[in-house]
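The structures come next, written out as structure tokens.
Same chain, two partners: subunit A is paired with subunit B first, then with subunit C.
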Partner chain A sequence: MKTLRLDRWASQLQPPRNPRLYLLAQRCPFSTRESTPRRHELQRRQHQIQTRWQPKRRDGTSRRQASSAAAVAEDEVEYEESPKPNFPTHKHATRSTKLSALHARLSLPTKLPLQTLARCLIDPSVDPRPGYNNAPLAILGQELLGYYTSEHIICHYPRLPMPVLFAAQYAYVGPPTLAAMRTEWGVEHVAAPGPEVDPGLLQLKRMEAGNAMAEDGTQFVKDLPAARRLGSGRRNDQFNYRRGYSSRIVYDDQFGDLHTGLKTLDDLPPFTGAPQAEASEGSEDLSTFTPQDHPVTMDTDPVTVEAASAGFVRALTGAVYLHAGTAAAKAFHRAHVLSRHLKLHELFHFTHPTRDLSRLCAREEFEPPVARLISETGRLSGTPVFVVGVFSGDDKLGEGAGVSLNEARVRAAAAALRSWYLYSPREEDIVVPSDVEGESKKKWKPQMIDMGEIVT
Partner chain B sequence: MPLQALRTIAKPQNGVGAFILQCKRLDFHYCDWAGSSRGMNDFIKNQLPAFARQNPSIEISVSPRPGRHPVVIGHYMNGRIKPICVRKLDQLQILNKVSLLKEASGEKLKRVTKPVKSVNESVRGVWSPFHGKEMYKV
Partner chain C sequence: MSPQRRNLQTNAKITPNHIIFNPPSSAPNVYHTPSKFLPKSDPRRALYTTAAATPTAEAPKSKPKGILASIANERAASTPPASQLKPVRPIYEKKYHLTQEDIDEIRRLRKEDPRTWTRVRLAKKFDCSEFFVSLCASAPEIADEREKELERIKSKWGRKKREARELRQERKKLWGRDV
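Up next is the complex of A and B:
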């Protein structure tokens, strides 16, 4: 771990992978590499911005000379330096009892400082600058949580069908579960963010409830025309696109849901160094885009408490990984995610179990399934019970009880399918890929890969 | 589509992986003048620092409430609070009350009739009249 360099790993310090995320050029407040820009540096930068922009701005405003006063006001807003943070600074973090209690309560590694824990609690809706909020950590944490959970599910239940796999993933690390985890950890959220609140509270700008009355007093907030969900702008987001499971695997997130909150290409600012064409200029030399030209806007969209809580838990996972390494992150995941109880067999919802079972038997070259009555009572009464077994040759595949022969047969077929899908290898044969990463002593054993669910 | 899946939330099992103490905060209120707070003042001076050191996961706040009886208030993960008035108690009695608050789950007190609770289904299953060697006869 001695070669781990935080300032290299934290994504906001690297050149952005997605060049459109120009905000990533902002600096991390806890970076050890360099202190925050000094005042004269800020002034120099501001001077640069102004001298670069003034001639162009005049050209730009020549079209709308009638509203020159408005243009001047707009200029002043744009030249304002980076705004003051709307959350408690990291200097307050070491003095917060809530934070240190949370650190002890979760038995976090001592390598994880309170300042980072405080930063995990700052949602992007409070401050959109990635150097200040938990978004970069949350991205890392989301990938880690998804990876560790999915490898656990797939290696333990190799025959699980894709819809159930998505549902299991959602049950373990979906946003509602992570939000529940936040309350189980005793982390409260602020009513409104501000620099004076305790840094041990989840800082978010809270979204108004959808069933609150809108300002006009005649309709709900959720019914307003602007309350549409922001899609990713991809083809699979369109209304006439059939989202099959292959499409979900390729396009969608780890739960098979559409990516929400992604900005379309039109909304995002251009990447650093992109040539900019001014419609009014008409000159040959194109100016290039630099992030300083567009100051950060603090006018962010509010979020739900659930989304912000999920972001906090993800960011904390990412922070544990960055500060304490893979083993600590895996231990954290095992202690808080895999220790939860999920009844996998209750996630199945069959529509035609008897048909699926006969397809399965045909595929696996078993004898075709036959339903036989095992026992019955009260056939002529108001409450009959039939126990039906599904047999393939002499092997009983499943058994079910029902009030009619047909219901019992369907239940038996569903039970047989469940026991097929929920097959699990022996515990000593299971080695998840992350177990053998790095300097681990464990030896890799090839894991079973099933040929897949039954397609009808 | 042959199969659909239902979405649920995996249930927490405190103590299976991580154990999280359900008491998240203890408030201590005292009065400098009144005699009913004498034990409380001794407790804050003598016992509380060690208690706080032993229980780093509990947030502890001490605040004066002049002219009132001393109170210890426990705040719990489920959102409930438990206040205990400790007037005229000495410091060791208060320490007992505080450890009671620390160990409480925050739920209302209930009589436990079945000592074992489990999220797992019974391995043996519910008794069925249709299985077994001999059919059940009334």
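Up next is the complex of A and C:
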């Protein structure tokens, strides 16, 4: 994958290269404030870019072959109609000490401008227009975080079973971890979004607490019948669908959980020109849909602080990738995600370790496992300790201690299984796929692929 | 000056020029994969097997080649071979000795008088495991009866006994976890 060189594509639209040197740049192309004619021109162009993928609000009856001048006039009218942003403009971003401090504290690449950093802090709950919020960057960042994390886990621990893999992925880049990262970075969130707040704060429309009183004053918000719907409305989140691990891999998100916040086809507005059936009239003539009926609404659903924080960290990863390239994004990921210590051996939970171990030994054609007593103390006391090892032939596979012979035996089998699953190749043999992308000097080595987990 | 302190000082003068490896007796780390679990392609497997292949009797005479080899030798000398350790449960070989006639007999006995021919008695008579008997034959008609009997016994338990048993079940769940 080649790095996108944004600066070569659109140099005139780029903000100053080094935000620390040119903090008070004369002209900010991303500004939404109206002042000089040149700026107005830029704004119009920017607005066109941003609204290109949004349904145009144009009256169906007045559609005509418009001249270019008329089109410009129409665009201006449209711009007047679009709602004012409910967050600090990008002009303020360069003046915010909080933003500059955050940029310096995280040692972000100087190619990443403060304006983009400010945009990463704007949650879609503040402004649903994708040209203004961090949702597009967050989608990219989520994929990058998931990719770099999963390739690291899989290449370092090729034998991990699928449930542990999902759990490890969640522990590294799950929303709670990303939210913790946001607090560790010292980024605070606003109480309520608005154009007057500091751009260095996370802008979100905060969800009401579940145990707050509802409007009727008799029950909690969380007890209201309009329960939050989880999932995408697809077949796999119906109540009778058996969500096995194969189904989780295919349908669900990178943590094996149901997708949240996806809109079903019923929620989305129809495409422009779609025939619409009227409930009352039975005539053949179906009126066509025009997006005019569904203007851009600022009445968005509130989100939790955790979800907004996760969105911010993901968006920042995406922004680092877009502005500074793959190497910077990988360094960012290494510094903030892979540096976290995860106790992988505590993620395992075996229900029948002895049975699994016998199956493993039969599968790999080892001698059947035998539990042998290595040492013991206080057999006749109230607190005995037995140390039992599981041997296959003359080789010790695992060792466990317990207050009874049975407990020590089961613990030893579980330890043996853990040491099987936690096998890691030598550090010099591990090459993750993203290491050999682009013009890197590293040579690809085939990585170990395990046969799969033990099936009993 | 305490005698311990003096000892320390005298020891410090004769600093050995080799690594002292004397690990505490703790459970082995699960991240150190046993050599049997290493895949065939892993070079560490060959290292372990050569280290283990050095005969322990000759180790004091011939100088060990490296630190790893010497550590392996020391460990091999200090730990008895697996065959000398007492197994926790008697080792048994699977016999596969029951024929179709035997299995039919198990089914017949269990069906005729499930109260006399319990799983335990059948397993003893046919010299097989109780699990195998359960695979061959079951008696769902007496399951309710047994369950009621168990409930009757449990109802006589006091608070202490019941809670102790429940706690034991909870602790047993933790055996499969590393906590």
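Note that the second predicted complex is superposed on the first by the 351 of 456 C-alpha atoms of A that agree within 3 Å, B and C clash if a C-alpha of one lies under 4 Å from a C-alpha of the other, contacts with A are read in each partner's own complex, and residues count from 1 in each chain.
Convention: contacts are C-beta pairs under 8 Å (C-beta built on N, C-alpha and C of every residue); 3 or more make two chains touch, one makes a residue touch a chain.
This one's a predicted model, so the numbers in the text were calculated from it and none came from an experiment.
**Student:** Look at A:Arg372 in the shared chain and tell me whether it touches subunit B only, subunit C only, both, or neither; answer first, second, both or neither.
**Tutor:** A:Arg372 sits against subunit C, while subunit B stays out of touch.
**Student:** Of the partners subunit B and subunit C, which touch A:His336 in the superposed model: first, second, both, neither?
**Tutor:** first
**Student:** Under the stated touch criterion, which partner chain does A:Tyr147 make contact with: subunit B (first), subunit C (second), both, or neither?
**Tutor:** After superposition on chain A, A:Tyr147 lies in contact with neither partner.
**Student:** Taking the superposition as given, does A:Tyr251 touch the first partner, subunit B, the second, subunit C, both, or neither?
**Tutor:** Neither subunit B nor subunit C is touched by A:Tyr251.
**Student:** Is A:Leu405 touching anything from subunit B or subunit C once the two structures are fitted on A? First, second, both or neither.
**Tutor:** In the superposed model, A:Leu405 contacts subunit C only, not subunit B.
**Student:** One more residue to check, A:Thr351. First (subunit B), second (subunit C), both or neither?
**Tutor:** both
**Student:** Check the residue A:Met448 against both partner chains and state whether it touches subunit B (first), subunit C (second), both, or neither.
**Tutor:** A:Met448 contacts subunit C only, not subunit B.
**Student:** Go through subunit A and flag every residue that touches subunit B in one model and subunit C in the other.
**Tutor:** On subunit A, the residues that contact subunit B in one structure and subunit C in the other are 346, 348-352, 374, 401.
**Student:** For a test of understanding, state which residues of subunit A touch subunit B in their complex under the given definition.
**Tutor:** Residues 97-98, 100-101, 104-107, 161, 163-164, 166-168, 170-172, 174, 176-177, 180-181, 183-186, 334-343, 346-352, 355-356, 374-377, 385, 387, 401, 453-456.
**Student:** Note which residues of subunit B are touching subunit A in the complex, please.
**Tutor:** 1-14, 16-18, 20-21, 24-25, 56-61, 77, 119, 128-131, 135
**Student:** Which residues of subunit A touch subunit C in the complex?
**Tutor:** 345-346, 348-353, 366, 370-374, 388-389, 391-402, 405, 407-411, 414-416, 418-420, 422-426, 448
**Student:** If we count contacts the way the header does, which residues on subunit C are in touch with subunit A in the complex?
**Tutor:** 27-28, 30-39, 41-44, 81-83, 85-89, 91, 172, 175-179
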